[in-house]
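Every chain is named by a letter (A, B, C, D and E) in the order it is written, and numbering of its residues begins at 1.
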Amino acid sequence: MEILELFSKIGIYATMALVLVFALGVVALRNLFHCALCLAAVLIGTAMIYVALHAEFLAAVQILVYVGAVMTLVIFVIMLTEHLGGKTIRQTNRQSPAAIIGLSGIVVLLGTLLMKTPWPVTAKALDAKVSVMSLGKALMGTYAFPFEVISVILIACLIGAIVIAKKDVSEKGPS
Amino acid sequence: MIIPLQHILIFSLLLFATGLYGVLVRRNIIGILISIELMLNAANLNLIAFSKSTSLAPETGQIFAIFVIAIAATAAAVGLAIVLALYRVRKTVYTDEVNLLKW
Amino acid sequence: MSMPPFLRDIEFAVDLSLVNAKGWCLDLLGHFLPDWTVVLASIVISGVAILALGPLVMMYLTLLERKVIGRIQNRYGPNRVGKWGLLQPIADGIKMFTKEDIVPAQADKIVHFLAPVVIVVPALMVFLVVPFGERMTAVNLNIGLLYFIAVSSITTIPIFMGSWASRNKYSLLGGMRTAAQMISYEIPMTLSVVPVIMMSQSLSTNTIVMTQVGDLDLHWFIFTPWGLVGFLIYFLCAVAECNRPPFDLPEAESELVAGFHTEYSGMKFALFYMAEYMNAFTLCGIATTLFLGGWQGPFFPSWLWFFGKTFALICVMIWFRGTLPRFRVDQLMGFAWKFLLPLTLINIPVAALWFFVPERLAWLYSIAIFAVSFWGLVKLNCAFVPEKRIYPLAD
Amino acid sequence: MIFGTGILKGLFVTLKNFVTSYFRKPDNGGIFTVQYPEERDKAIEAFRNFPFLAYDGTPDKVRCVACGICERECPPKCIHIVMEIDPLGKPARRPSVFEIDHGLCMNCGMCEDVCPFDSIYMDHAFEVTAADRGKELVRPKEALLKSNDYFLKIRPGTATLVDQKRRAAEEKKKLSRAATLPPQGPVS
Amino acid sequence: MTNTKDLEGSQMLEINFGPQHPSTHGVFRMKVFLEGEKICALDPVMGYLHRNHELIAENLPYAATMAYTDRLDYFNSMANNFGYALAVEKLAGFEVPERAAYIRVIMAELARIVNHLMLIGFLLNDLGAFFTPVLYAFREREKIMDLFEEVSGSRMMCNYFRFGGVKRDLTAENLTFIKRIVSKLPAFLEEFEALLTKNEILCMRCQNVGVLPADLAVNAGITGPVLRASGVNYDIRKVDEYGLYDRFHFKIPLGQKGDVYDRYYVRILEIRESLKILEQALSQIPQGEVLNKKTLPFLKMPRNFKPATGEAYGRIESPKGELGYYLVSDGTPQPWRYHVRAPSLINLTVLEEMCLGQKVADAIIILGSIDIVLGETDR
């Protein structure tokens, strides 16, 4: 069975590499629609990594919420704001070289720190299986308050988004 | 865990850095918003990875990730609504063209 | 009612024949090759079965649809290629393959190419959790239902890709409509499933089927008031999710020519078509699983029951197509948000109370609640109610 | 009136049609498709398609005298006639060229109406094709000539009337000829 | 009326519906400016099917034009023939034998039934029903078409009417066939209405959509069912009493709001009234000639027909509205001036007023409910 494990390892690293490539696409492509599609790919790839980390529920939520809803919203707005077939104009500002230098510094710094730090990995945690039921119990028990707060925020933002995007009083906002 | 924790952390660091780069250099507001989604994603990945390896209650990481996803969705909704409103008034979605600090 | 034991044995053998066939293959393989190949082979066999099933189902769904609609309209439907037109799908396939593939000059070539390819992927992926029969679920995920909802929600993205990349205004309008429609109808659809999850206390499709177990005394969820309402809502949303009439606005022929796939031809068009029909099939399959007892049923093999029920639901979809005109955009959205969504929200507490109340009483109050809420919702949405008109006859 | 009853009623109508399509007769609301190459609609005598030229007996006995009335009266001007000139240089009262451009003809039946020589009639043949719209669609005389027997077959009513009329005219002609010329033998 | 030139290049989405589009009923183009799905401006563009009908007719003898009038409104060539025959008869003062007049009324009403059935079918197609109403309508139309073929020789391009009568007499079988059609149509209409009239989706889509106020309709010269759906009682069959329409008892159904639903339902009611006329005509039809003997030579030799100098306007209530033919003769075999007042074209002029502020889908059904045929609109 080691071979199968090897396969899955290869699969995970390949997914990671692909996700990084698509992430670069998100920030570097000129056509915004392509960027959004790359982001969708990144999100799906991350969901796959979640599955590999035994967080299937989270993966499903990620796809449902991010890809199904947020991405649709993003693409919708892109469609509304970009002209169909319009020429792609310069998408980056002049901070780009500075940003690259600074960020590579941060990456190197944090990366070395990450590699140097001894991360304690407990065997109990490795064995622990998170079922949907235990997640639900935690949400409704330990984290009931944050959960409610989140729902209030969601409602508030829903109303806020509609109010902001609304054109004038006589017309309906996007649903 | 199949792959070592460090690798996941490095991966999420790279993802985060890419997202941050996007936030810093993008002119288009929608571009900035989707780069922020990238960063949030990297953070989520960290949460999951840590919850798999530490002795906290195993649900914690996932639940926080779910919260993050919910917040990200609200952020996207409000942000995009603002973009739409801005576009309607200014006919542009480029940050450096919206520099009047007024509507 | 009980069957004689030998009949039961035969039924069992037939029932599991497909499963056993796969098992024998794997056993045979296990004699010669290392263990990991057996695991791999198992995946490959299931995968190939699904990959073959998807297009096959799609091909014959088109034939079924054309035949049924033909009969509804007093026509024969296709009857030239093969007996009763049985080879028609193959002829169509050949035609699609050999047709010229036209890409608009202004199109975003890569995305235009990718969209039909990508749209098939989620359509095939959802087959993984559909329980086709006893022990015939490809992957028994413990979050199967959530997986199904999540994966089928990806479908909007390739539709967007197609509509955007075509650089066509009809496509663009179709894409916009798709986004609005799919997101709107996903919400009541997901919520209509919640009572089922509550009752079976599981997200696994297999467990949901098993909680509706029963031979002739039917324990299907549709035979409860909340199940019936949930089923109706789910089914209407399913019709909307796979863009079929009366909710076919994204590809409204009389308005938007063909909506998001206006600029597709040949094989790419066929892929869009395929995804649409496979979605219809899986949505009906999941409806069967959730509300109609899945593969449960007496006498016949379980997979026959599953396919029978699913095809019955698909026939209802086709029946809708043969009868109903299309909604308008605002009415479509209003129907989802002002009618279906409140009804699902009422449905959930009704189902929750079902646990604690004796059955007779539960029937009574749930019927009362649904009647009142239906009446109230119709009254509130006065736009849905037809006006009464009198036509004077003058000399 | 409960919301949805109209839709249910409509669904019932289509269901009824679905079921009855299996056993109802075509004229009673069943399937009325005529499966074309195998089955054919019943021939209707009045049906008119492109015109043809009738001849008696053999193709050289054309009724047409190339008078050109149809050519002149044809609304889309799709007929082209050239009168044959006999070796003596006199008009032979027979068409040497008689062409109908099927690409122009609109099957109005005007030529049939105006022809004083009972020569041009509307045909029933509708399975006419051409691969080239410039040349092949212009049908020459050879393609247009059809015997009176064919005419009798496709349009028995009209053809019998025409035949009677022609026979009567012949008789009259003979009689008048008999009246002007001395009899040259026993008249049968 | 918005000038669409001003809107070009604005933020609005400009869409050309047509000339190739599934539901423009031919080669017709609607230039539409959209804001989201709302119509801000609409510009009907026609002329793609222009065939020079009037000029051709001015260069042909009067009899030859009859075949061309078939091609105007190709759904009811019988009605077109009727109008043209009326105009020429007015010009030349021909009488029509009684039996021929009855046959004309029967044919015109059958054509009206065919036209209204097809219109409702296609309107439902525009509404998104997948061909079912069309094919049910086809089922009934087929019988009437068979009859047309039997009497005239052609299903659609009938060319059946002649000056002073009709081309061919109806046989006894034809009459029983028509009786059978007439006796069976009410049952079909019941079925059709069960499928459509009370359907909630149809009501939601059609009611209060594309409202045409009565005063606008009158001012714009709208005629036919579109006008009557707005509640104006104007039917040329009653106003002119041409043909034999004064002998029959029938009513004029009127709408109240003038929306798409009224236009749909008024047509259903008109079919019922047509059936009443047909029943009366079939029971009253006398024996006799079908063609005025005086006109026969003119049909044999069209160029001999030279009406005296003068003008005539013959109009009928075609299924689409007032179909008028205006003829000016200068004593030659060809008319000096020939003009067709096509109801499709004139009814189309209010399209923009009806569509503004509605959704895209509404524009399609409003166009469908006006009932245009491009052969007539563009001529």
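What we mean here is this: contacts are C-beta pairs under 8 Å (C-beta built on N, C-alpha and C of every residue); 3 or more make two chains touch, one makes a residue touch a chain.
Nothing here was measured: the structure is a model prediction, and the numbers come from that model.
Asker: Leave out chain C only, then trace which of the remaining chains are still linked through touching and list those groups.
Answerer: Once chain C is set aside, the chains that still touch form these groups: A, B | D, E.
Asker: What shortest step count links chain B and chain C in the network of chain contacts?
Answerer: When the steps are counted carefully, the minimum from chain B to chain C is 2.
Asker: Over the chains that touch one another, what is the least number of steps taking chain C to chain D?
Answerer: 1
Asker: Can you name the chain whose C-alpha mean lies closest to the mean of all the C-alpha atoms?
Answerer: Checking distances from each chain centre to the full centroid gives C.
Asker: Looking across all chain pairs, point out the one with the most C-beta pairs in contact.
Answerer: Looking across every pairing, the one with the most contacts is A-B.
Asker: Among the chains here, which has the CA centroid at the largest distance from chain D's centroid?
Answerer: Measuring from the centre of chain D, the most distant chain centre belongs to B.
Asker: If you average the Cα atoms of chain B and of chain E to get two centres, how far apart are those centres in Å?
Answerer: One centre to the other, that is 63 Å.
Asker: Per the centroid of Cα atoms for each chain, what is the distance between chain C and chain E, given in Å?
Answerer: 44
Asker: Starting from the mean Cα coordinates of chain D and chain E, work out the distance between those two points in Å.
Answerer: About 29 Å separates the centre of chain D from that of chain E.
Asker: Can you check how far apart chain A and chain B are, centre to centre, with Cα atoms defining each centre and the answer in Å?
Answerer: 6
Asker: Which residues belonging to chain A are in contact with no fewer than two other chains?
Answerer: In chain A, the residues touching two or more other chains are 57, 61, 69, 76.
Asker: Taking each residue of chain C in turn, which ones touch at least two of the other chains?
Answerer: Within chain C, residues 72-75, 169, 172, 322-324, 330, 384-386 contact more than one other chain.
Asker: Name the residues of chain D that each touch 2 or more other chains.
Answerer: Within chain D, the residues that touch at least two other chains are 3, 6-7, 10, 13-14, 17, 29, 32.
Asker: Looking at the whole structure, which two-chain pairs count as touching?
Answerer: Going through each pair of chains, those in contact are A-B, A-C, C-D, C-E, D-E.
Asker: Looking at the complex, which residues from chain A come into contact with chain C?
Answerer: Against chain C, chain A makes touches at 1, 3-4, 31, 33-34, 37, 40, 44, 56-57, 59-61, 63-64, 67-69, 71-72, 75-76, 79, 84-85, 131-133, 172, 174-175.
Asker: Give every residue of chain B touching chain A within the complex, in rising order.
Answerer: Touch residues, chain B against chain A: 1-3, 5-11, 13-15, 17-22, 24-28, 30-31, 33-35, 37-38, 41, 44-45, 48-49, 51-63, 65-67, 69-78, 80-85, 87-88, 93, 95-96.
Asker: Show me the residue ranges of chain D that touch chain E in the complex, using the header's touch definition.
Answerer: For chain D paired with chain E, touching residues are 3-7, 9-10, 12-14, 17, 27, 29, 32, 44, 46-48, 72-73, 75, 106-110, 113-114, 116, 122.
Asker: Can you list the chain D residues touching chain C in their complex?
Answerer: Interface residues on chain D, with respect to chain C: 2-3, 6-7, 10-11, 13-15, 17-18, 21-22, 29-33, 35.
Asker: Which residues of chain C touch chain E in the complex?
Answerer: 69, 72-75, 169-170, 172-173, 245-246, 248-249, 252-257, 321-331, 383-387, 389-395
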